[in-house]
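Consider the two complexes below, in which chain A is the common component and chain B and chain C are the respective partners.
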Partner chain A sequence: MSLPGPWLGGSPAAPLIPPISPHRHLLLGGQRGHVAALDWQTKSLLCEINVMETVTDITWLHTETMFAVAQRRWLYVYDNQGVELNCLKRFNGVLRMEFLPYHFLLATASETGFLQYLDISVGKEVATICTRGGRLGVMGQNPANAIVHLGHSNGTVTLWSPNVKEPLVRMLCHQGGVRAVAVDSSGTYMATSGLDRKLRVYDLRAYQPLQSLVLPVGAGHLSFSQRGLLAAACGDVVQLWGRGAGKGGTLILWDPYLSHTLPRAAHSLRFCPFEDVLGVGHGSGFTSLLVPGAGQANFDALENNPFRSQKQRQEWEVKALLEKIPSELITLDPGQLGRVDAITMEQKHQERVERLGFDPQAKPAFQPRRKLKGRSSAGSLLRRKKKVANEEQRTKIRKSLEQQQAPEREPKAAPRAQRPALDRFKK
Partner chain B sequence: MRVKVLSRNPDDYIRETKQDLQRVPRNYDPALHPFEVPREYMRALNATKLERVFAKPFLASLDGHRDGVNCMAKHPQSLSTVLSGACDGEVKIWNLTKRECIRTLQAHEGFVRGICTRFCGTSFFTVGDDKTVKHWKMDGPGYGGEEEPLHTILGKTVYTGIDHHWKEPVFATCGHQVDIWDEQRTSPICSLTWGVDSISSVKFNPVETYLLGSCASDRNIVLYDMRQSTPLKKVILDMRTNTLCWNPMEAFIFTSANEDHNLYTFDMRFLESPVMIHIDHVSAVLDVDYSPTGKEFVSASFDKSIRIFPVDKGRSREVYHTKRMQHVITVKWTYDNKYILCGSDEMNIRLWKANASEKLGVLVPRERAAMNYNQKLKEKFQHHPQIKRIARHRHLPKAIYSQAKELRIMREARRRKELNRRKHSKPGSSPFVSEKKKHIVAVVK
Partner chain C sequence: MAEEDLFQSDHPVSASEDEGDGNEERRHSQLLEAVSTLAGRKRRKLAERTEASLQVSEFNLSCEGAGEKLVLPELLGSIRASSSLGILKKQLNRVKQKKSVELPLSKEESERVVREAAYNKTSKAVAKWEQVVLQNRRAEQLVFPLKQEQMRVAPIEEVLTGWKTRTPLEQEIFSLLHKTQQPVTDPLLTPLEEASLRAMSLEEAQLRRAELQKARALQSYYEAKARREKKIKSKKYHRVLQKGRSRKALKDFEVLRKLDPEAALTKLEEMERSRIEERMSLKHQNKGKWARSRAIMAKYNLEARKAMQEQLARNKELTQKVPMEPEGEEEGNVAGEGLLPDSINEVQPSTDGANPWMLGKPSSEAKDSGMQEDPKDPRESVAPEDAGNEGEEVSEEEILLQDFEQRRCTRQQAGSPEPKGAGEAEEEHLFVELLSNVQTDPGVEQPAQGPEGPLLSEQLGRLCTPEDIDALGQEEGAEEQERPWPTGTLQESEEEGSAGGGHTAKKAPKQKMINLQAVLAGESHVIHCPAQPVSVQDEEEEAADQRLVIKEAFAGDDVIADFLREKRKVEQAGKPQAMDLVLPGWGEWGGTGLRPSTRKRKRFLIKPVPGPPRRDQHLPHVIISQQRNILAAAHQVNEVPFPFDRRQQFERSIRAPVGPTWNTQRAFQKLTALRILTQPGHIIQPISAEDASPQSTMPTRRGGAALAPTPQHSRHHQRPHKKAR
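For the complex of A and B:
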C-alpha cells in the first residue's frame, strides 16, 4: 500500500521514520516539520501537525498517547492529539532517539556527542554521558538488554549503559564510518553497514563477526523483524534477507529474499510488530511492503496486545509502571541479578572468619569414639583416623575427576514428562 | 498470485459484547518476555513493600479483668473461646468472635496460678494461691444458678501450675513437687521430686502423652515419664527457666523460656546442647507457646513485647508491641494458626494476627493466586540486600531499641576480649566453646 504524495502536502520534503508502536499506530514525520499519527489498520487519523521546525527524529513513547519529536533545537513531547506536553531544553541538538520500553527511558544521541537518558515516567534526566565520539548520527538498541549501540565515523560501534561513563564495549566494525546499526530482538545478532559498502553480521554474545556481504550501494538503514529477517535500504532499493529453516537458522546473506524499488531514496524503515509488513519512508511519502514471514504470529496479550481496548491499555500502563526496571539494573547480561555473587560471598566469609576467629562452616576434625575392651589403643585410634582421612581424600579425587570428565559425556535428554514446559521454545 | 501473509480477523481477538470477558491470548515463549529477572525483582520489591504497608497485626483488646492477667487456656474444641485467670482470683471466659466476656467466676482468693482445660472441652481446672485445685464445668450455670466448682481439692502447699493430660483423665500440678492426679481421686496417684526447690510450671507432651516436663527454681528443667515413679533426666542451665512448651508436631522437641532473655529449644534425647538458642528479647522471657504447625512459636517477655520465632532460626521474624501493653505475662497461639493472644499485667488481653499482613476472611481465587505469587516472589528474592532490608525492618519502642543496642555492644566486647585472649596465649590453651554449650551447666540422668 502506498500513500500518494499530495497527501503529504506535495512537498519534496524527505519524510522520516515510521516508528510503529506495539499497538499498530504509525507515526510519520517529515523533515520540514510535518508530523502525523494514525492508526495504521483502520486508517483513522489521530493527529496531523506541523511543528514549524526541522524534525530530526520521532518516536512513540510507552503508549500511543504520547510521542517525542527531536526538533532542530530542543526535544518536544506531544500528545496524540498534537498538543505539546513538554519542551525539554536540556536535550538540544538531538539527532537520534531510542525508547527503552521496560525502563521507561528515552535515550537520545546529539550532534555534540552527548548521550542522554530521560526517564519519562518521572520526567527526570537519568544520565548524561559525553561520549567523545563526535556527531552521533547512528544509533541502535538491543531489545534484550536495553543497551544502546552508537556508530561512529571511525568505523567503531560502542555499547553504552546509563550507569557507566565509558562505553561497555568498543567494536571495530568497518573501515570507514558506520552508516547503520540494528540488533535483532533476541539480542544475539547485530547487523552493521558502513561507508565501505559492506554489510556485516556479528554475534553479540562473543562479539565476533559471523558474515559479511559487499553491496553495490551501501545500506543506509537496517532493521530486524520480530522473526529475524533483515531489511536494508540501499538508496532507493529495499532488500530483505531471510533465515535458514528450523529454530536458530542463520541469515542467508548470499541469497536475498525480497527486493523492492522505491520511487525515491529511502530515509527509514521499520517492521510492523506482529504483522508481515515493512514500513518504508522515502522521498515521495510512505510505503508499506508485504513481507511474508516477518511478524510474530502469536502475541502474548499480557505483554503487547495490538487489539487492546482503552481499559486494557490503562491497566497495562499501571502495571508496567509498577514493574518499571530502574536504570541501575541495565547491564550487558540482564539475568545477572538471578545469579549468586560468588565473589562477594567469599569476601563476606573471609571477613566473618576474621571477626569470629574461627571458621564457622569448617567441618570439625574427626574424633574417633572411645571404645572399650582394649579397642581404644593408640594404634587403633590412629588407624581409624587414617581410614576416615583416606576416604575423604578419595571422594575429593573422585569429584575432581568427574568434573573433568563431565563436559565430555553427552548430555542425556530428560524424558518428556520431566522436561520443563518452556523447553519447546528453546532453540 | 497467492501470497501467504499474516492476516488476523479482529473478531477473533476482540470480545463480542460488553458482558463478555476480554480475550487474552497467551504465548509463553521466553523470547517474547525479555528482562524476566529484573521484572520479577521489581515485583518482589513491590510485594515486600506492600507487605510492610499492610502489616497491621493488632485486632482487638479484651477488656474486663480488674487485675493483671496471670494465665490463659485455649478451648480444645472451640476456636472462639479462651479462658483467662487474673491476679485477683477471677477467671473469665471470652468469646473471640464477639470480643466480649461471656462468663466470669471468682475462682480463688489470691492469684489464679494456673488454668488448663480438659481434652474433651467440657470442663477446666484452676489452681490458686489458696492451695486449692478446683474443677469447673465449661458451660455456665443456668439462670439464677450460682457459680460452683464441680470438685475442689484442698492441698497442703501452694500450687504454682497445672496441666492436663492430652488423652487420659489425669492431670499434673506443680508447686513443692510435681503431683500426678486422677480426676476421681482427692490425693495424687504419684509425687515426683528431684531437688529441693519449688517448681514453677509443668507441661504434658501432646504427642508422647506420658511424658512431662517441668521447670524448677534451681535453674533446671526436669523430664518425667508418667509410667515410672522417678524422674527421667534433668538439664541445669545457668539461669532459671520460667516455662516450657512442647512442640505439637515433633514429639521430642520442647522450647523453654529463660530468665537470661533467651529461649532454648531442646531435643529431649540429647540435652547436652540445645538444638537452637533464640536470642532477641531484651528482658526475661515469661511465656512461650507453639503454633499448631510446629514450625514457629511465640514468646512473651517482661520487655513489653511479644516475638514470633521460627523453630530453626535464632532470630525472631516478627515483634509486636503497643504503647499500652505493659509486661506480657502469658501468650497463646490459637489452634487455627491465625491468631495470637497475649495477656499482660495491665489487665488486658490482646488479640493479634499471626501473619501481620494477612488478609482475613474469604479470599477470591484471583486474590489468593496473586497473594501466592507475591509470596513466592518474596521467597525467591529474599536474600537480595534491598529486599532483605525492607522485609526485616521493624519499628521498636525506644526502650527495647536502646537496650538491644547496649546488649549488642556488650556481646561484641566480650567476644573481642575472648578473641584477643586466645590470640595472645598458647595455641590450644583456650578451646572454642560453642555458644550453645555455654549456657548449659550439666545434664543429670
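For the complex of A and C:
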C-alpha cells in the first residue's frame, strides 16, 4: 500500500506504529515537516499538519490521542487533531525517541549526547544523563525491562536506565560505528548493525554474540516483530529473517526469509502489532509489506486489546495510569525487586551487633558437657572443643571441594557426537 | 546558789519526809548532792516513792489507772439508781450508737472511685465479646451476613397445599391440570401410574425377580466356565476341541443336507466364505512373527519344523474346497471357470523355484523370500503378487486352467487316502528347499549369514548413511555455505581468524585479547539475498576491495584498543585501594633520593580485601557497571521477614507466582480468597449479644463478627482511664 499524498515529494522519516496504541493508527512524519496521523485500516485521516521544521523522529504516546514529534529545535506534543499541546524546550536537538509504555516515560536522545527521560503522565523530567557518547542517532528499547539501548560511533552499544548516571553495560559490538539497534520483545536477543556491514545478534542474558552476518550493504534500520521476526533495511532492500532452526526457537539467522526492493532507500521500519504487516518509510513514501507470521495472533485483551472501543480505551488509560511503574524500578534485571537487598541487610545487622554488643544471630559457642571420673580435665575439654571445631571446618572444606570438582567431572563424558552410535543403548 | 536551788526545789516533795528521817541523813544527802553537782553535771534527783503504785513516774506523780482514757459508761455506771438522770442516759446512749461521721472525700478521690467502679463493670461487660472478636480476627474468611439462614427443603406437598392461584396464568394452568386429572395436591402419582402400579401384584414381582436372578447366575457360571476354558494353554486340548467341533459341524451338515437342503446350501455358502476368508488372510501362511522365528529355528529343531508344517497344513485344510455336491457338478465347472481353482494356492514341487513370483504362487515360499529382500512391509510384497496372478490369469487363462486341472487330478489320484500327510510332506520338502535357497541363493543381495541375516539387517541396515547425505548435499549445492555454530566452536575457529586479522593490542592480557578479537572479527555468514541494493550490486562484485576500503577507513580509530583501555580503567577504578603506611626515615636513613626499603614497604602496605569478582570478568567485550542502583534498593526488602529463617527461603516464596497460569485452580482460589465476603442483597446486622454469648456455637467458616458493636453496647465502651486510682 503506497499512500499518495502531498508528502510524496518529501521523504517520510518515521512511519511509526507504536506497540501500545491500537494497531489501527499510523503516524507518518516527513523530513520536511509533514506530519500525518491516520487510521490505516479505514484510511481515514486523523490529522495532517506541516510543522515547518525538520522532523527527526515521531512517536505515539500511551494512546492514539497524543503523539510526540522531535523537531529540529525542540520536542513538541500534538493531539490527534494536530493541535499543539506542548513544546518542551528542555528537550532540544532530539534525534531519537522511545516511549516506555508501562512507565509513561518518553526517552529522548539528543545530538549533544544527552539522554533525557520525560514522565508524560505528570510532565516532569525524570532524568537527564550526559552519556558522553557523542551524537546519539541510534536508539532502541528493551521491551522486557525498559532499558534504553544507545548505539555509538565507536562501535559500542550502551544500556541505560534513568536511575544510574553511567551506562549499565557497555558492549563493543562493531568495529565501525553502530547504525541500528533492536531488541526483541522477550528481551533476550539484541540485533545490531554497524558500519562494518555486519549484522550481529547478541544474547542479552549472557552478553554473548550468537551470530554474525555480513550484509551486502550494512543494515541501516532494524526491527523485531512480536513473533521475533527480524527486519533489516539495507539501502533500498528490506530483508526479513524468521526464527530459524535453532534449538527451542532461538534466533538463528541464515538466508533471509523474505526480501523486498523498495523504489528508494528506506528511512525507517516498524512492524504493526497483531498484524502481519511491516511498515516501511522510504524516499518516496510509505509502503506496508505483508510478512506472514510476524504479528502475535493470540493477543491478551486485558493487556492490550487491538479491538478496544473508545470507552475501553478511556478505562484502560485510567487503569494504566494507576498501575504506572515508577521510574526508579527500572533495573537491568527485573527480578531484582523480588530479592532481599543483601548489602543493606548486612549493614543493618552489623549496626545492630554494634549497638547490642553481641550478635543475636550468632551460634552459641560449643560448651562441652561436664563429665565425671576425670574426663572433664582441662586437656580433655580442650580436645572435645577442638573436635567439634574441626568437624565444622571439615564439612566446609568438603563442600567447597565438591563445588570445585563438580565442573571438572562433567566434561569427562564425551560429547554426544563423538560417541559411537550404538553406545546410546549401553546401560 | 545551786545548792539552795536544789534544796528549794526538793522542798515541796520532801516536806512529808521530814518527820520520819533524821536531819543528819538529809544533810548527808545534800552533801552528796552538792558534790555531785561539783562534778559539773547536774543530776536530777529521783524522788522517793512514798506509796505503792503501778506506775512509776519520773516526775513522781502517780495515779491509779493512769494512761487509760476516761470512758463514758464508767461514768454512767455510778448513776444507775437515780431515775432522774434516765433521760440523760438515753441521750448519751443514742450518742454512743451513732458513729462519728467520716470526713467527706475530696472531689478527685471520689471521682476516681467512681471511675474505678465503672471500669470494672464495663470491662466485665466487654469481656464477653473478646472471644468473638478474637475468633473473627483469626478467621481466614468472613462471610457476611454472619447469621445465615439454613436452607430448609420444604416437602413439595407442603408448598402445594398452601398454594393459591392468584394470577390468571396460574388459574389457567390449574384448570388444565384438573382437566387432565393431573395430581395437584399430591404430586407423586397420576391416576394412570397408580393403575399401572396396581396391575402387578407382589407375588408376581417376586417370582419374576427370582427368575431373573437365576438366569443371571447361570449366565455368570457359564461365563466363568468359558473364561476358564479360554485360559487353557494346552494346544493339544484346543486342537482336540477344534477337531471335535469341526467333526460335529460336518455331521450336522450331513444331517442338514438330508433334512433341509436349502439350509445346507446356505451352510455351504458359509463354509465357502470362511475358506475365502482364509485365503485372503495370512493367518496360517507362516507369515507371522511366531512363524518367522520358527523358520529360523526349524533347521535345528524338529519340533519347530513340525509346528510350521502343521500350520501350513492347517492353511491347506482350510483352503480346501468343500466337496462338490453331486447335483452341483455342472455348476462346479461353471464356478471353476469363474473362481480361481484351488490348485493355484498349492505348491508345485517340480518347478525349479528360481523365481517364485512366476509360479503358481506358493504363498509361503514367495513370502519368505520376499521377506529377505524387503523385510519392511509384507503388504507391499502381497500386492504385486496378486497383481501378477491376475495378469497371468488374464493372459493365458485357458492354458493355465487346463494345467491346474490336470495337476489336481494327478494329485487326487496319488494321495487321496491321506491328503493331509502328503501335504505335510510337500511342505517339508518345500521348506528344506527354502532353507537351502536362503543359504545358497546368489540372487539375494545381502551376504547371507545364516537365517538371522534378515533380522539383523532389519535392525542396522541404513538406507543412507550421514556420509551419503553429505555427499548428496555437496553434489546438490556445492556453494552452500558452511554454517558456523556460535556456541561451541566459536573460540577455536576464531582464534585462527584472529591470527590472520593482525590487530595489535598487546597491552591487554593475552587470552582476553584473543577472545575479543574472536568476538569482533569472528567469521560471519555472508548471506546471499535474492534482491540486492541496486546501488551496491556492482560494488559487491569486488567485495575484497570493499573490505579493504573499510579497513582503511577505520584504521585510525582502533576501536578495540580504545575499548580495552577503557575497560582496564574501569577495572582499576573499581578495585579497592591498598593503604600505604610507610613513613620514610624511621629505622633507616631518610632524605632526598632515598626510598624506604622494600622490606619496610612490604610490611607497611596494607593490602585490601579483594572485592567480589566483576560480573564481566569473562566477557572481554563488555563492561558491566558495578554501581548499585540505590533508588531501586529503596524498594527492596532489606531484612528477612518473620516466619522465614533465611534470605533464600523468603525470595523463593516471593518469586512463586500467585496467578492462575502457574497454580492449580484450587490453589489459586485459596491464595486469592477475599478476607471479607458480603453477600449481595442481604442486610448485614450488627452483631448482637446472643451471638457473643459462649453458648451460641459459631458457624465454622464464618469466623467472625462485625467489629462495631451496637449503639447500646458502645455505651459501655467509654472506658475510664485505666490507671485511675
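By definition in this document, the second predicted complex is superposed on the first by the 314 of 427 C-alpha atoms of A that agree within 3 Å, B and C clash if a C-alpha of one lies under 4 Å from a C-alpha of the other, contacts with A are read in each partner's own complex, and residues count from 1 in each chain.
Here is the rule we use: a residue touches a chain if its C-beta (ideal position, glycine included) is under 8 Å from a C-beta of that chain, and two chains touch if they have at least 3 such contacts.
As the structure is a computational prediction, the values presented were derived from the model and not from experiment.
With the two structures aligned on chain A, chain B clashes with chain C.
Of the two partner chains placed by the overlay, only chain C lies in contact with A:Ser161; chain B stays clear of it. Once chain A of one complex is fitted onto chain A of the other, the partner contacts of A:Ala144 are limited to chain B, with no touch recorded for chain C. Contacts of A:Ser376 after superposition on the shared chain: neither chain B nor chain C is touched. By the document's definition of touching, of the two partners only chain C reaches A:Gln239; chain B does not. Contacts of A:Leu337 after superposition on the shared chain: both chain B and chain C are touched. Legend: residue contacts after superposition of the two complexes on their common chain; A:Ser185 is shown touching chain B, with no touch to chain C.
Of the two partners chain B and chain C, more chain A residues are in touch with C.
Residue contacts after overlaying the shared chain place A:Gln175 against chain C, while chain B stays out of touching range.
Touch criterion met: A:Leu329 reaches chain B and chain C at once.
Mapped onto the common chain A, chain B and chain C collide along 74-82, the only clashing stretch among 2-10, 20-28, 38-46 or 74-82. Touched by chain B in one complex and by chain C in the other are residues 329, 335-338 of chain A. Of all the residues in chain A, the ones that touch chain B in their complex are 102, 143-146, 185-187, 274-276, 290-292, 295-307, 309, 312, 322-326, 329, 334-338, 356-358, 421-422, 425. Interface residues of chain C, counted against chain A in their complex, comprise 483, 486, 516, 519-537, 540, 550, 553-554, 557, 559-560, 562-563, 566, 616, 619, 621-625, 627-640, 647, 650-651, 654-655. By the touch criterion given at the top, residues 154-156, 161, 163-164, 166-176, 195-198, 207-217, 234-237, 239, 253-256, 259-261, 328-331, 335-345, 348 of chain A touch chain C in their complex. Residues 3-6, 10, 13-14, 22-39, 41-43, 46, 384, 415, 418-419, 422-423, 432 of chain B are the ones that touch chain A when the two sit in their complex.
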